[in-house]
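Just below sit the structures, each encoded as structure tokens.
In the two complexes that follow, chain A is the common piece, with chain B as its partner first and chain C second.
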Partner chain A sequence: MKALIAATVFGVIMMFSGIVMHNRKSIATLAVALFAVLTGISVWDLISAPCDAPQLLFNNMLRLENLSLWFCVLMTAATLLYVMLLHKEIENVGSHVAEYFALIFFILTGIYLLATFNNMLMLFIGIEILSIPQYILAGSDKYNLKSSEASLKYFLMGAFSTGIMLMGITLVYGAAHSFNIMDFVSMLHSESLNPMALAGILFIIMAFSFKVSAAPMHMWTPDVYDGAPTPFTAFMATIGKAAAFFAFLRLFHVAFANLSSHWTTIIAIITAATLFIGNITAVFQQSVKRMLAYSSIAQAGFMLFAVLAVNAAAWHGIIIYAAAYSVATIGLFSVLVKLKDYTYDGFNGLAKKEPMLAFSAAIFVFSLAGIPLTGGFMAKYYVLLAVMQQGHQMWLIIFALLMAAVSVYYYFRVIAAMYFKAGDPQIASPVTLGDKLLLGLTCLIVLLLGIAPQLVM
Partner chain B sequence: MRRNAIIIFMCIELMLNSVNLLLVSFSRFYNDINAQLFVFFIMVVAAAEVAVGLAVIVMMYRKVHSVDINILNRLKH
Partner chain C sequence: MNLLLLILIPLLSGIFSFGIREEGVKILALVSTLATLVVSGLLAFSCGCNMATTFSMPWIPDLGTRFSLMGDGMSAMLCLLTGIVMLVVMLVNNNKHVDRPNAFYGHMLLAQAGLMGVFLANDALLFYFFWELALIPVYFLCSQWGGEKRIPVTFKFFIYTFVGSLLMLAGLIYLSVQTPGLRSFAWQDIIHAGSQLPAATQHWLFALMFVAFAIKMPIFPFHTWQPDTYEVSPTPVTIILSALMVKMGLYAVLRWVLPVLPEGAIYWTDTIIVLSVIGIVYASCLAIVQTDIKRLVAYSSIAHMGLMAAVAFMNSKVGMHGVMLQMFNHGINITGIWVIISMIENRWGTRDMRQLGGMATSAPKMAIAFVVISLASVALPLTNGFVGEFMMFNGLFGTSSCSHIVMVIAGLGVILGAVYTLNMIQKTTYGEVVAMNIKGDLAFNEFAGLFIIIGIIIFLGVYPQPMLDLTSAVSSMLIK
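Up next, the complex of A and B:
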């Protein structure tokens, strides 16, 4: 697991670069270079892993399977794409540019732990390393009251959910006498389940549904995503969320798989509520940034399908969903930050003024809505297929398809504003040739995921 | 109703401490040292959270001169 160590070291290097370097541009260039190196290192991790048996590292604390290493590669590559697309905006958030990049490196460290944990201790540490930098990033625009509020709100709720998760872990430990998730499989049996373990699992579901912003615990999401500086919202809504989902899946499909009869009903209810609340509330939003916050709740509903289906197809589902959703949302946010006005009206007439921005935004919106030939369609297809193979909860699939139809309305309002309405959109920062090329590349990735999804599976 | 952010924060710390106590008693009960190790990690992470949390609360206080969370409904509209 060289990438884990490299991400930590790079984070520290970034922090020191803030002392040595004073030019924001060169700090960002260094960051992009280090992210590229990190992507290379995580690919190297994947290639050098033995294909057959999973490796155990650090006294059985981490277990590396090819799938988790592949997820690490995808997340690192998505972060690289994110930094390349949005580094100009990150530079302009506040005066501590080097620290923002350092925090993103530390978040990646947390993501690596979450993708490979084999012990509840590593799950807890991973979740915290993922969350604490996000609280700081949410409040990084120090002179903006909304940003501070978002940070405080996120922090208080996040710390609360950490407490709930710890209680869950402790209760499960009380029943299983071990923190190792492999021991859970042998110690916890469906027929004679200790009520303590059941309570623990319930607590853990609650805490995870907070981290992935699923329905009963989604209240913080719109406020935090709306208040946080836009480039960091893009990160929290995509890569941070996808990593939490992977950990959710890993815990429930490895450790609690043979108890699935006890928790699938709860997850099914959470899924239905998440899809309903996310999609219906998104319809009434006037700001695209806030709409994207609700749409991220709605997309979390679809990702919950992968948790619901305890089979091999669910793993492929979550990986392709994480990739397709992250790339499309990062792309859409990178278009959003170019505009001054974040309401739908701010997009009016964008197609005339910046055809490349409008075209790529249209592709990303198609992907999020799940139109065929884009990654979003394949992602939705694979997660629903996983539940279909399971054979029950057919009502939920039909409900999800209905909700996907609702989502088309609010996603297509963006396209309608760009292509069919007249207006003069205010551009916040000039769109350079490099931006256009990167957006084109992102569009290509989205389309490629739709045509050949087996590339990421 | 007055709701102080620092009091809320203190209550969250109390939640963590209850988990710590439970872990220590499980550790004694099962004669397993791992649970006590977990307690140390919770303490370390709680300390990190305090560092970030108090900084965020101070940042908030500098702007609105209050730590009452009822002011926080500016984002809800």
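Up next, the complex of A and C:
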């Protein structure tokens, strides 16, 4: 697990680079270079891993399977893409540029732990390493009241949910006499289940629901995502969330798979509620940024399908969903930050003024709405397939598809504004050739995921 | 390879069109549609000799889906229709001006690629892909080049059809999970899996999938998007919608529902027939009171499609032959009518029948074409419409006990059809002469387009056998 160590070291290097280097541009360049190196290292991890048996590290604290390593690679690569697309905006959020990048490195450390944990303590540490930098990033625009509010809200609610998770872990420990998730499989049986374990699982579900912004624990999401500086919203809503989902899946499909009859109903209800609240509320938003916050709740509803279906297809589902959703949302945010006005009207007439921005935004929107030939379709397809294989939950699938149709309403308003309405959109920062090339590359990735999803599996 | 070409020619020329700045894109579009027509003609010819062609290559092995195409009689017939209609559209619009022609023609060609894919796909997931691919360019075309209120109307249309497609997707995934052994989306496997399902499952699955196609056709009460969309769309797009995309719905029922869920089809037959017949009468009545010709034809299209849908479920061999033939005929006839309507709008600047008149005096050639095509659409003998409708009514005398009542009520549709169509001809063609804004009878390109249409109308009216031969194998397979 060289990437884990590298991410920490790079984080520290970035922190100190702020003292040595004073030019924002060069700090950002260093960060991009280090992210590229980190991607290389995580690929190296994957290649050098033995293909058959999982490796156990640090006294069985971490367990590396190819799938988790692959997830690490994907998330690192997505972060690299994110930094390349948005580094100009990250530079302009506040004065501590180096620290922002350092925090993102630390978040990646947390993601690596979440993807490979074999022990509840590692899960907890991973969640904390993932969350605390996000609280800071949400408040990084110090002199903006909304940003500070977002940060405080996020921190208070997040700390609360972490407490609930600890409580859950303790209760499960009481029932299973171990923190090792492999022991849960042998210790917890569906027939003779200690009620304490059930209560613990319920608490853990609640805590995870908070982290992935699933209803009814989603209340913080719109305010935090709206208040946080836009480039960091892009990160929190995508990569941060995907990692929490992967951990959710890992815990429930490995440790609690035997008990699935006890918790699938709860997850099904949470899924339905999340889809409903996320999609219906998104319809009423006037700001695209806030719409994306609600849409991220709605998308979480779809990702919950992967948790619901305890089978191999669910793992494929979550990986492709994480990849497709992250790339499309990061792309859409990188278009959003180019505009001054974040309302739908701010997009009016973009197709005439900046055809490339509009075209790529259209592709990202197609992907989020799940139109075929884009990654978003394949992602939705895989998670639905996973549930379908499980049988039983046909009502939920039909409900989800109807909600997907609702989502078309608010996603396509962006397209209608860009292509069909006249207007003169205000561009915040000039769109360079490099930006266009990167956006083109991102579009290609989205389309490639839709045509050949086997590439990420 | 022919099959692949049918999709690739419009797809590539469509993408290429976006890059062309000048009016040269019209030539490209014309050449591309002509090439596609030639290939689809070859396909129809080889299918006529009873050689179903297939093309297959691996696509996403993990999902059990292949990029597999099949051209049998029904596919070849609809591809031929698509080829002819698109060629006529391109011909007739060759001397008309549109804003940003490169994007306009690019979207048109992409829509054609999607349609070809829908008619050829032999794999359920591929079918779904093309189903959506055909919809997206049309959405852009209507929203950008349409008339007043185009954005909300097109949005309604898009969401309506998208809801349907998602329900269909749920059904298709469900079916693919039921396929034996490895997951598969191949048509044969889906049929196998579907027909093995218990009756109760087939009932709800049928409803799920049928809604998508009922919206597309459209069948009463799912038709509400249609008149508005036809009205606001630019006429070339209306032609695509009414001549070709509604056929997607009927085609999908015949290919992906009837053979797949036979029990479900039997269970829902009465409901569908009743709904279709209600649609026929209701739409015909509405058509009578319209003053806008475009809306009139839109409602008439609901009535015609309703008849086809009803007969398709009647389980009669003659009827099914008639449905196949009428799918083709309706596409040809309605294209002709739209072409003339766009000329009327172009020359008189209005579509309101009350402000039109005297076309027979001011533009006699156009008037003759209009009368011939309209008479074909009311099924006068010796036109193609007669053969199709005759066979369909023959089929309505089917096995089911209530079929006589159904036939009588559906027959009302023909009478009402004559009422509104003849009324339309009378008001536009005869009566007081209204001066034209732009003078001129048919231009050469318009003449060529209408010549193709009328030629087919007369040919199939006198000698429909080639078309029946082409599709007879498929209709025999559908009605055992």
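Following the convention adopted for this analysis, the second predicted complex is superposed on the first by the 457 of 457 C-alpha atoms of A that agree within 3 Å, B and C clash if a C-alpha of one lies under 4 Å from a C-alpha of the other, contacts with A are read in each partner's own complex, and residues count from 1 in each chain.
Note that in this section a contact is a pair of C-beta atoms (placed from the backbone, for glycine too) under 8 Å apart; a residue touches a chain by one contact, two chains touch by 3 or more.
These figures come from a predicted structure and were not determined experimentally.
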(message) In the superposed model built on chain A, check whether chain B and chain C fit or clash.
(response) fit
(message) Looking at A:Tyr381 after the superposition, I want to know if it touches chain B, chain C, both of them or none. Which is it: first, second, both, neither?
(response) second
(message) With both complexes superposed on chain A, which partner does A:Ile398 reach: first (chain B), second (chain C), both or neither?
(response) second
(message) Taking the superposition on A as described, I'd like to know which of chain B and chain C A:Leu166 touches: first, second, both or neither.
(response) first
(message) Quick check on the superposed pair: does A:Leu156 touch chain B, chain C, both, or neither? Answer first, second, both or neither.
(response) first
(message) Tell me the contact category for A:Glu128 with respect to chain B and chain C: first, second, both or neither.
(response) first
(request) Of the two partners chain B and chain C, indicate the one touching more residues belonging to chain A. (result) B
(request) Pick one for A:His262: touches chain B only (first), chain C only (second), both, or neither. (result) neither
(request) Look at A:Lys146 in the shared chain and tell me whether it touches chain B only, chain C only, both, or neither; answer first, second, both or neither. (result) first
(request) Once the two complexes are aligned on their shared chain, state how close chain B comes to chain C by Cα atoms, in whole Å. (result) 27
(message) Counting contacts the way the document defines them, which residues of chain A are shared by the two interfaces, the one with chain B and the one with chain C?
(response) none
(request) Would you pull the chain A residues touching chain C in the complex into a rising list? (result) 316, 366, 371-373, 381, 384-385, 388-389, 394, 397-398, 401-402, 404-405, 408-409, 412, 416, 419-421, 452-454, 457
(request) Spell out the residues on chain C that touch chain A in their complex, using ranges where they run on. (result) 60-63, 128-129, 132-133, 136, 140, 143-144, 150-151, 155, 158-159, 162-163, 166-167, 169-170, 173-174, 177, 208
(request) Could you pull out which chain B residues touch chain A in their complex? (result) 5, 8-9, 12, 15-16, 18-19, 22-23, 26, 30, 32, 34-35, 37-38, 41-42, 45, 48-49, 52-53, 56-57, 59-60, 63-64, 69, 72, 74-76
(request) Quick one: which bits of chain A touch chain B in the complex? Just the residue numbers, please. (result) 120-121, 124-125, 128, 132, 135-136, 139, 142, 145-146, 148-153, 155-156, 159-160, 162-164, 166-167, 170, 173-174, 177-179, 223, 226-227
